[in-house]
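Given below, in the form of structure tokens, are the structures.
Heads up, the next two complexes both have chain A, just with different partners, chain B and then chain C.
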Partner chain A sequence: MKINYRQLSILVFMSFIALKFLALPGLMYVDSANMSWLVTLVLMIVDGIYVFLILDLMKKCGQKNIFEFLCYCLGPVLARAFMAVLVVKYALVVANISKGLEFFVVENFYNDLKWLVFVLPLILLTNFMVYKGIRNIARVNEIIVWPVLFGCIYIALKSISGVDLFNFLPFFKDGVAPLFSSGFNHLSWFGSSGFMFMLFGKVDFSNGKKYTMLKYIFLAIALTMLMHVVFYGLFDVTSPTHSFCLSDISQFSSGHSSIDELSWLVVSLWVTAQAVQLALFSFCMMQAIKYTFNIKNDVFPILFVLIYIFTWSFIGENTVRLEVVFLSAFSSIITILVQYILPIIIYIGYAVNNVKRKKGAKCKS
Partner chain B sequence: MQKLKSFFSPRKIVVVILLLVLGITVPKLNAPAMSDTEAIVTMLCMDKQEDKIVMSATVLSPGPDNIANYQVFTGAGNTLGDAVEATSLAIGKEMGFAQCEVMAFGENLCDEGIMDTLDFMTRTKKVGRNAFLICFGGDINDFSEALSNLNKEKSLKLELIMNFDKRYILSKEGNIESFYIGYFNDTSLGIMPKVSIKNSEEDNAIEVAASGQTSGSGSEQNSGTQEKKYFINDGSVSIFKKGKRVLDVSPEQVKKINYFVNNSQQGTIEVQDVTDSIYNHANVVMDIVRKKNKISVSFEGNTPVFKSNIELVVFVEQVLEKEPQKNMLKRNNDFLTPAVIEKVKQKVIEDMQACVDFCRQNKIDMLQAYKHFSKLTPNKFEEYMRTTTVDEFLSGVKFTFDVKVTNEY
Partner chain C sequence: MLVDAEKLKLQIESKLHNSSDLKSRSVQFFGSNCVIMYIADITDNVLFNQTLIFPLMNFPLETDESKNKDKITLLKQKVLLNQEVIEYLTVDEAISGVLTGKTIILLDKANKILGCDLELITTRPVMEPPTSVVIKGPREGFNESIKNNLALIRKRVRTPDLVVQLMEIGELTKTQVGVVYFDSVADKSIVKEITKRLKAIKIDGVLDAHYLISYLQKKPKSLFKQIGDAEKPDILVGKMLEGRIGILVDGSPIVLTVPFVLIEDLQNSDDYYSQPIRVMLVRILRLLGVIMAVVLPGVYVALEIYHYKILPTEFLVTIMNTTQGIPFSPFVEILFLVVLFEILYEANLRMPQYFGMAMSIVGALILGETTVNAGLVSPPAVMIVALSGITFYIIPSQAAQFSVLRLCAVVIGACLGLYGMLIFCVFILSYLSSFDSYKTAYLAPTAPYIDNDQQDLFKRVNIKEMKKRPKSIANNKHNLTRRGREDDDEN
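So, the complex of A and B:
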């Protein structure tokens, strides 16, 4: 079952914004203060450039899946090693989304909700969507993308009158160095387009319009910038105390109006979009496990992913703060490896292999 | 493998899922309803009396025909936690603060500092950061009773009154978030509307029945003679520095401060003794329709200069004159005569200068001069701040004012 180019573009759009409206802006403010928006902008543009790089590889691979293509470019040993790294990367993203979602719903949506009551249905939903496959996930995304987009714009615009542009001054007060360290520390929140590796051979490019992907990437960057600028413009020095960018923006004003109720509807919709993202990355994790350990059926990798989500929720509930894991150099390095180095290595491998084959063909002739 | 596959058949998985869902939900049916165990607190008043924290919670409970019923409960304790516990005991339910829309602090508590209280309430008790903050004068029991009555008898909700204040007086959000932002900035300033409950009727007082004596916890059982009390919201505000109340500012002074604030919608200007072709020793009252204050900052040598260019669009609202001139009857009269404009300019500059003097004297930067200098001229201002302190820096700043007045039409 293949998805089309437009569906892929929407998946990229959703994965670009997925992790950006939770704790990221608040966490980033600690390192890069009023220039955090610039770090986000630069990293998102880099991500956007890499999307086109991976897209080009996708077109080159034809009908092969990522593992077959890596075997073709780099050989089976390196291919398996990279698959293992991808498993780790997807596992980090799955943990981040699931924990973020759980924290958001249990802490913010309800006054007193047991984590298990939320996590179990979430696991069942993820199970179902992963089982149904990528086309199902892509179609659900297609349905919710516009309501999510307009909902987020509505929330941002509703609060924009409270934005104090002075909060963004002075520029580069502490120099440029903190921005680099901030970018590195928060890399695990970026590089979400890594899911595209698992869609090699699963995309039909035949009816795709030329600028569809560019349009969605631009929309994702513009939306994220709008939300972050409103966030920093409203909260300034108190930004680090906010863990839920989207809902906290909607709740900033103490005024009451009938339309305020709509904010919660938008936030609920965004929660749904996050759940679909969880399914997408769980699907990728499941596929990567299959390729790494050469497992033929889907049942055990799916079970593993579900147990993994449950375990994170259980452990996270009792001992570990997830931010500690995500702000570690380890997760940043994994992201660099998967998002920024792997596509280049594949490119080089592909080029070298092509040259070798051409030489071989010449020798034979 | 085939055996395993058949073991995990879809039907068996569905049965397991159903059992799991039932396992979680069925035991919950035996638990009491949440409304029986948790009280919805919509307003919280706190003060300090004889070294004890006194808390008064307004609790919302659905009445007959879905009409909201507000009840007030009080409790006291040595610590905030104790006070919450005592109030919960009075209610007979655990207090849920997520719907709390207003937090009111008594003067004693404000003088001691409210940051630890705010931290406790927002972090531990999950009061939303968009709850309004107000400072109240008078007895806490009188205050909460009065507000409850205000709601019941006059259909006036305090949060709606505060919402009006937010737009017309504070010119910014008057909530916890806004207070935090002020506190964590370099000048550590916070602002809260000040309301009072008094025995005597004043110009803008709203009559609310309140008990003179309140005993113990659970003020529904109040005993004592009913005497008339008045709820007074005259537009005065309390100024906080580093979380502690440092002074109260009168409504007149607030109006002067608001010349420096673009968002403020409040204002009338009265100029006296205007005599020209239209007026004869008249007092002219104008409504400020729009206001724009362009603030620019610079340095003259080492002296910081704060320039305020204010553009006022006014509408002549009322003319108070003993013997109106016949010219008043002419059609197409422009009541905003040059003489009036000159008087308005003079008055606004006087008011703004008085406001600067007030801020210098009380060492409070209500003009946001620190923010403008530190954001727009950061390097020079940093150099300047090496010679002074945040409290004293205003005394070295030179202020210049330019006023432009135009008619609404």
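So, the complex of A and C:
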């Protein structure tokens, strides 16, 4: 069950924008004020570079899965340790998406929605998609990507006339230091391309066009920048009070309390995109659990992931925004480790291993 | 064999339980007794007299040539005027022949039985099928005779590349089933799998092509259609040119096609005879129609119950004014109308044609109007269900599935609201995305995206520019160019 290169590119595109249009712009403004857009831009570019790094590793690994490849490069002990860290990373992303989605749905669509009513359909859907595998998730992404993209552009362009570009001046009012702290504090919202680790050996590169990935990464960065610029341009210092970039922009554009005629459709589309993202990271979490504990079948890992989503929804119900506190304190470090350090370690391990093997082959001959 | 013709006749009559419609006639041929046996109702009388009785009776009693030849060869070569004369070596073979409309000739002490095809084909004339009506383009449709249907295909395809594989299915009905495909275009492994599946069928009788569907489907319990169909030869040949395989069943005017992709049903034969720009518009409308048919009532219920705050104020006021005083909840209101619509549809379908118009008037005007006037349902609800009901029939072959999905959508919309509807939609998408059969993805060429096949998805490029066969259909990968040769591409 392999996916093609285009499908991988779309998965990257969706995961790039998935967490960026909800609470992130508002939260970032607290640390980096009107330069938040620059932090996002730089971190997204770094993420983009790492996508190509991981892509190169994917091509090098051939038919091996990530665990086999890590065993080859770093040995089984380190491989298992890294798999455990990956489980934690995916668990954090799953928590972030599911809670973000819950807040988004409740705030935008319902006066009152019981957490159980929210989480049960989501668990059923996630279970089905994870069970069906990565090809299924990739195909659903392929269908919803264009409506989501055009929907977001529609919302941004509809509100662009209200954007005040002077909100972005002066540049670097408080120096460069807040940008670094902002970047570090919100790292967990970035590095979403970490899901690619679980696709090692599952991508068919044979018919891929050369610039497909670059095109989608560029599109993701451009769209995120457009949305963030519109958001900060509209709300300026009130940005931290706006929890949902996408729906708040559209409400602003309608000029009254209700979302305008078409924007609720876009907001709905966003919910579907988030649900699919949840399935993607749940799939990754399931795979990582399998490799970490050497479990052969899918049943128990899937069950674990579903219980995890359920529990998280229950905890979140009783502890408001727990995950934000939890994520910012802990997950930045995990993200740095998984997203930015792990690929380099694998690279080094791979190179060292190759040299060793060549030497071994020479000695034998 | 080498027994008397009369004895053989008795043997055959006994095996057919002295059936009343089994007729026989004895004549003399060179001093030997010759018995002709046939089933009267399925034998063409005119042909029987002209090609069999008349030459037999008028053959000179003895010639030089006849002295040197055995009687069976003489009959075959000099007497019988039929296109095809079959030789049966056993009585059972001859009986099978009689049952399929052959007339058999028994000769004293002969080691063979001869058979002639004098079958009387009783069938409807070639007409335009009611569910594939076109404004432009051919109007010929298949009828219930497999011979006739094969002739209609052959008329359009004059190439040795066309392969027809005939087989009999049904222990009692012995129904003729034909697998047709282009040898150089179809994927051989799929042809093999289909014939294997068909040959493995153990059933008493096959009365229609739909009997075979559950044997050919990869997921027989699924709600969704997995086997395509065609009621017109131009549609079937079009599909075969793309690599699909047709399955004809004697007694059915519907030809099954495999593999099937969902987008097939959004395409119409009319599309290929119209302007591409118009086709694009129509196809987008069809897709919107399908979405509306399934989700509109559910979304309406969800919006009315849970999400009235997201409706624009002016629209909300209009809805509130019209729904004021309705004793039922939006869910019950829509459910009532959906069920009413289904009942009307079923009644209308089975009713004699001349009652149909009266039924429409009773259903649409009297029932609809009076329920609104009585304040039982609101005008927007009637409008929503009517709109959904009409859009169902944009794709008539999928109406049954849509009907079930619509009902699910209404229940989910009422229970969970818009969020539930969205989860439902993603679930359906996900389910369909995982639906691969006969090496073909159900949602291709959208998921997976296939660049080449976008030429006939929403926009339809000019026929001249359609150079490659669709890659979404599993077909012969070595012959993807529609004109057969790569160098023709430049033309």
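The rule we apply is simple: the second predicted complex is superposed on the first by the 350 of 365 C-alpha atoms of A that agree within 3 Å, B and C clash if a C-alpha of one lies under 4 Å from a C-alpha of the other, contacts with A are read in each partner's own complex, and residues count from 1 in each chain.
Everything below uses one rule, namely that a residue touches a chain if its C-beta (ideal position, glycine included) is under 8 Å from a C-beta of that chain, and two chains touch if they have at least 3 such contacts.
Computed from a predicted model, the values in this text were never measured in an experiment.
K.L.:
Which holds for A:R6: it touches chain B only (first), chain C only (second), both, or neither?
P.N.:
second
K.L.:
Let me test your reading of the model: by the given contact rule, A:S268 touches which partner, first (chain B), second (chain C), both or neither?
P.N.:
Only chain C is touched by A:S268; chain B is not.
K.L.:
Would you check which partner chain A:D236 touches, where first means chain B only, second means chain C only, and both and neither mean what they say?
P.N.:
A:D236 sits against chain B, while chain C stays out of touch.
K.L.:
Output check: A:L116 vs chain B and chain C. Expected answer is one of first, second, both, neither. What do you get?
P.N.:
First partner only, chain B.
K.L.:
Tell me which partner touches more residues of chain A in the superposed arrangement, chain B or chain C.
P.N.:
C
K.L.:
Contacts for A:Q251 in the overlay, against chain B (first) and chain C (second): which applies, first, second, both or neither?
P.N.:
first
K.L.:
Looking at A:D174, would you say it contacts chain B, chain C, both, or neither? Reply first, second, both or neither.
P.N.:
In the superposition, A:D174 touches no partner, neither chain B nor chain C.
K.L.:
Using the superposition on chain A described above, determine whether A:E142 touches chain B (first), chain C (second), both, or neither.
P.N.:
After superposition on chain A, A:E142 lies in contact with chain C alone.
K.L.:
After the superposition on A, what does A:F166 contact: first (chain B), second (chain C), both or neither?
P.N.:
first
K.L.:
Of all the chain A residues, which ones make contact with chain B and with chain C?
P.N.:
Touching chain B in the first complex and chain C in the second, residues 111, 117, 121, 124, 254, 256 of chain A appear in both lists.
K.L.:
Inside the complex, what are the residues of chain C that reach chain A?
P.N.:
Touching chain A from chain C are residues 306-307, 309-313, 315, 416-420, 422-423, 425-427, 429-431, 433-434, 441, 443, 446-449.
K.L.:
Can you tell me which positions in chain A touch chain C when the two form their complex?
P.N.:
4, 6-7, 105, 108-111, 113, 117-118, 121-122, 124-125, 128-129, 132-133, 135-137, 139-140, 142-144, 254, 256-261, 264, 268, 271-272, 275-276, 279
K.L.:
Under the stated contact criterion, what part of chain A meets chain B in this complex?
P.N.:
111-112, 116-117, 120-121, 124, 162, 166, 169-170, 173, 234-238, 241, 248, 251-256, 297, 299
K.L.:
For chain B, which residues count as touching chain A in their complex?
P.N.:
Against chain A, chain B makes touches at 1, 4-5, 8, 17, 20-21, 24, 38, 96, 98, 101, 126, 128-132, 159-160, 162-163, 166, 173-175, 177, 180-181, 184-185, 371-372, 374-376, 378.
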